[in-house]
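Down below is the structure, laid out as structure tokens.
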Amino acid sequence: MRRIRAAAVGAVTLSFALTVAACGGGSSGTEGSNEQPKTLTYWASNQGANLEVDKKVLQPELDKFEKETGIEVKLEVVPWADLLNRILTATTSGQGPDVLNIGNTWSASLQSSGALLPWDAKNFEAIGGKDRFVESALGSTGVQGQDPAAVPLYSMAYALYYNKRMFADAGVEKPPATWEELAETGKKLSGNGKWGLGAEGSNLSNNIHQVFVLAKQHGADFFTPEGKADFTSDGAVAAVRQYVDLMAKDKIVAPGNAEYAQNQSLSDFAKDKTAMVLWQTASATFESQGMSEDEWGVAPAPVQSGEPGPGKATNSMVAGINMAVFKNTKNIDGAKKFVRFMTSDEEQVVLNKAYGSIPPVKAAQQDPAFNTPSLTVLRETLATSATALPQVPEESQFETVVGTAVKELFADAAAGRAVTDDSVRAELEKAQQQMPKK
Amino acid sequence: MPDPAVRRPRSPMAAPRSFLWSRRVFLTLLTVFVLLPVYVMISSSLKPLEDVSGKFEWLPSGLTVRPYFDIWETVPLADYFVNSLIVAGAATLCSVTIAVFAAYAVSRYSFRGKRVFTVTVLSTQMFPGILFLLPLFLIYVNIGNATGIALFGSRGGLILTYLTFSLPFSIWMLIGYFDSVPRDLDEAAKVDGCGPLGALFRVIVPAAIPGIVAVAVYAFMTAWGEVLFASVMTNETTRTLAVGLQGYATQNDVYWNQVMAASLVVSLPVVAGFLLLQRYLVTGLTAGAVK
Amino acid sequence: MTTTAALDAGERTARKNDPGAAPRKRRSGRLRRIALPYLLLFPAILLELLVHLVPMVIGVVVSFKELTQFYIRDWGTAPWAGFDNYAMSLDFDAPVGEALLKSFLTTCLFTVVSVGLCWMLGVAAAVFMQESFRGRGFLRTIFLVPYALPVYAAVITWSFMFQRDNGLVNHVLHDQLGLTASPPFWLIGDNSFIALLVVSVWKGWPFAFLIIMAGLQNIPRDVYEAAALDGAGVWQQVRRITLPALRPVNQVLVLVLFLWTFNDFNTPFVLFGKAAPEAADLISIHIYQSSFQTWNFGTGSAMSVLLLLFLLVVTGVYLWLTSRGRKATDA
């Protein structure tokens, strides 16, 4: 009879599960509560050389926080490959962390799901006010005109990294400031198995970052002000073409770069195989690959002409990591306290120093640690000439489809097939049609 | 290596030269094909990172065993290994046990819905995993909320998932195998006073050990290598190897030499165990599959 | 279906060996006897329901919903989409449908070639190793290694070997043999199909080898001896005895390999990462992208359901054809 009872219990459980599942996600509380004021779960993104490094950086700070507030923070460092899927499943099921890191370009997409706590004036007040943060970093926290879905935690920007020795060997005196100069310099540096510029042709996000900036320089945007996809404007086509032409026409990017997706372009750079890369905050990587800091130089990423600045003189996207709170947290006050702690002037210096990034908090930027030549370039780029990626809910689709289009074009270029305005437009047209209809 | 010069004593007829030569050439090529990646793994795991991320060379110019020490620092490999062992081991144990019961019922009893059961079970093999990843996740969470049994993020949830992955094929194979165990044997046992379960465990299971081993190996390998479900259903403390090995590809760099070293280290016990069971597996699959 | 074929055989033998079973039933044991098979099946049924069938039903429901990121937080609120998701997936003139169709055809071609190669390698190796020779056990051990390595480890190693500039494959083909004018790409562009095929066959054929090797052990020796007396050579014996004897094994093996290969997610995902090149855009990856990367779970589910229907039809037709063929030969 015991078996029958077990069967009955099982059947009841199952039908119960069915009913509940049919009723949808488990996101019960909408505004968060304070049921569990003593603990927090925190998903950190992988910022250091590996997961263990991250734990070593973060754990002492979390201990400090526990000492101050008595709140224990359970840390999990989530690899980038899993982070977005984990957030998605957490959103669907309502079973997630209390506080988490998100790539700042995901802000608007995640905001639209309604799972993240909106940072209205009251919430910002709880962490010391909105005006503590740098303007450009706040630009990448959600759809404009809505309360931000996250607050900036670490900031990064693109810059041109160049190999000083290779420059000296080729008789190049100063790093290129415009694309034209970049192509010329690149040609001087290419040859004998060496190449002028590195690219990461199969890395979708990187492709997006690069063509987004170029599109800005051509006065184009991938989304209309109303938030509709607009991938095939002349400016967008010109931007994508210009980027792929670095390989197809100027031939300063090695064809092999078309399949790079795991930062092989950075190891090529560290091995003196390529002389330049356009990358965000790459110093830590170069050091981990055995380069010493005086071997490379950092210059602002190129523009079409003149000096970097706003608008058409944009030379970087606003890169970085934001910190968000899940709306249905059971420790809403503790979560805010934790965000306040992590964005405090003192912690911002500690953390950004450890990761080689720039603090998005104005006061923390004043710390001398961020005055090195390379960080100064990044800081100024962020302050004057960086633009946030489109803050639209479809951003992550945009990254996938346009990033793939650029990848396919790189594959064409590497195989020696012609890259023309028409072929670029066709790829972008295809990408645009895959976007959800509105 | 194959040696055609050795006379095959039981051969009904001496094989012609063409057969021996084809055999020699074919098996040699196949061995190369099979072992090439294994060689790459071994040689790459012994190179310093700069060499590995550089041009491939057959013979490593600089040998180092450092990767074999570094692997434990870069990711908590030992934890992942233990998780994988627990998950795959438990999934195997449960899957085999449940399959044995089900196969016994199908093989020895006639009952209503038998055909529906077997057809449905086999058709679950056709479901694309993507289709039920999110629904399954939801169900686990809801069961957790309703009963307090934490399935989501726990090893239990993963065990449950994996055991059902291998269940259909296991049941199907065991039915065939049980059918080949003569019924007189269990009837005799019943006459001797064994209940139906007694007959199963005292007679049929011992006679079917090879088939059961085959099923167990299959179930284990299914759970051991799965990536998709593990990537969303585990957290730091329950992460399995299949996902954890990806930790060597970090933000900045892919530690190729460590990936290879770690893969070898974790595969070694499995390959060894697998080979120990190989003899059973060959005979086991025979009866199950051929029926 | 082999299962059902096996089943019928089982039932037949059951009745043959146990002719008086029904009349001999004792009254007290009757209930127990009827309930017992169901109790034995209960755990299997419960788990299949929980992990496969119920989620599948939910998946089918979702396929009729417009489940995008705006609604994932609470599935219930997602608006019904009717057949919109299906219409979009099946409109082969529009880009989404066109891409799905292309991915589907790629997958079909890939599956057929991969299963064919796996099967051929398996048969050839098993036939060549049917007779014992020195080193046979050792070789058998080696041949099972691909099956025993964790998928991620094996596939990541292949992707390492397929790198254009630094990989072993081009080192051999281009640098050492000089077969190509410039080193070809394997992980992007059209060759990616070949790369995927190589990895899939490498990983899949040992299973075919195992099953066929096991099948060969059931062929009685005296059949061969009789054929040898009739003057049949080794090749003829293979053609006339071995291959026909493998028919029942093949029926199952090919079906299982087909389903696994068609639905394989791990291999392309590890080999190519998030965005598979067009030439190797398998349906499982395609659906993953359509649902997880573009956050449109309704469309992704609709595609999955279509795929499931296709596989059901193919399996049904396949089993009907092969079983009919078998009955014909049996008779």
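So that you can tell them apart, the chains are marked A, B and C in the order they are listed, and the count of residues begins at 1 in each.
We take it that contacts are C-beta pairs under 8 Å (C-beta built on N, C-alpha and C of every residue); 3 or more make two chains touch, one makes a residue touch a chain.
Remember, it's a predicted structure, so these values are computed and weren't measured experimentally.
Engineer: Which chain maximises the distance between its CA centroid and that of chain C?
Structural biologist: The most distant chain relative to chain C turns out to be A.
Engineer: Mind naming the chain pair that shares the most C-beta pairs in contact?
Structural biologist: If you count contacting C-beta pairs, the leading pair is B-C.
Engineer: Averaging over Cα atoms per chain, report the distance between chain B and chain C in Å.
Structural biologist: Distance between chain centres: 15 Å.
Engineer: Averaging only over C-alpha atoms, locate the centres of chain A and chain B and give their separation in whole Å.
Structural biologist: Measuring from centre to centre gives 38 Å for this pair.
Engineer: Note the residues in chain A that touch 2 or more other chains, in rising order.
Structural biologist: Residue numbers touching two or more other chains: 17, 21, 25, 85, 92, 94.
Engineer: Counting only residues that touch at least two other chains, what does the list for chain C look like?
Structural biologist: As it turns out, chain C has residues touching two or more other chains at 50, 54, 58, 75, 165, 292.
Engineer: Multi-chain contacts only, two chains or more: what residues does chain B have there?
Structural biologist: Each of 53-54, 134-135, 138-139, 243, 246 in chain B touches at least two other chains.
Engineer: Within the complex, which stretch of chain C touches chain A?
Structural biologist: Touching chain A: residues 39, 42, 46, 49-50, 54, 58, 61, 68-70, 72-77, 94-96, 99, 163-165, 183, 185, 187-189, 273-275, 277-278, 289, 292-296 of chain C.
Engineer: Spell out the residues on chain C that touch chain B in their complex, using ranges where they run on.
Structural biologist: Interface residues on the chain C side: 1-4, 6-7, 9-11, 13-14, 17-18, 34, 36-38, 40-41, 43-45, 47-48, 50-56, 58-59, 62, 75, 121, 124-125, 128-129, 131-136, 139-154, 156-158, 160-161, 165-168, 171, 202, 206, 210-211, 213-215, 217-218, 221, 224-225, 227-228, 233-235, 237, 248-249, 252-253, 256, 259, 263, 265-266, 269-270, 283-284, 287-288, 291-292, 297, 300-301, 304-305, 307-308, 311-312, 315.
Engineer: Which residues of chain B touch chain A in their complex?
Structural biologist: By the definition above, chain B touches chain A via 49-50, 53-54, 73-76, 134-135, 137-139, 141-147, 152-153, 231-232, 235-236, 243, 246-255.
Engineer: Chain C touches which residues of chain A in the complex?
Structural biologist: 3-4, 7, 10-11, 14, 17-18, 21-25, 27, 85, 88, 91-92, 94, 109-110, 112-115, 201-202, 204, 254-256, 258-259, 261, 393, 396-397, 400-401, 403-404, 407-408, 410-411, 414-415, 430, 433-434, 436
Engineer: Would you mind writing out the residues of chain B in touch with chain C in their complex?
Structural biologist: Answer in residue numbers: 1-4, 6, 8, 10-13, 15-16, 18-19, 22-23, 26-27, 30-31, 33-38, 40-41, 44, 53-57, 98-99, 101-102, 104-111, 114-115, 117-132, 134-136, 138-139, 160-161, 163-164, 167-169, 171-172, 175-176, 178-179, 182-184, 187, 196, 221, 224-228, 241-243, 245-246, 256, 259-260, 262-264, 266-267, 270-271, 274-275, 278, 281-286, 289-291.
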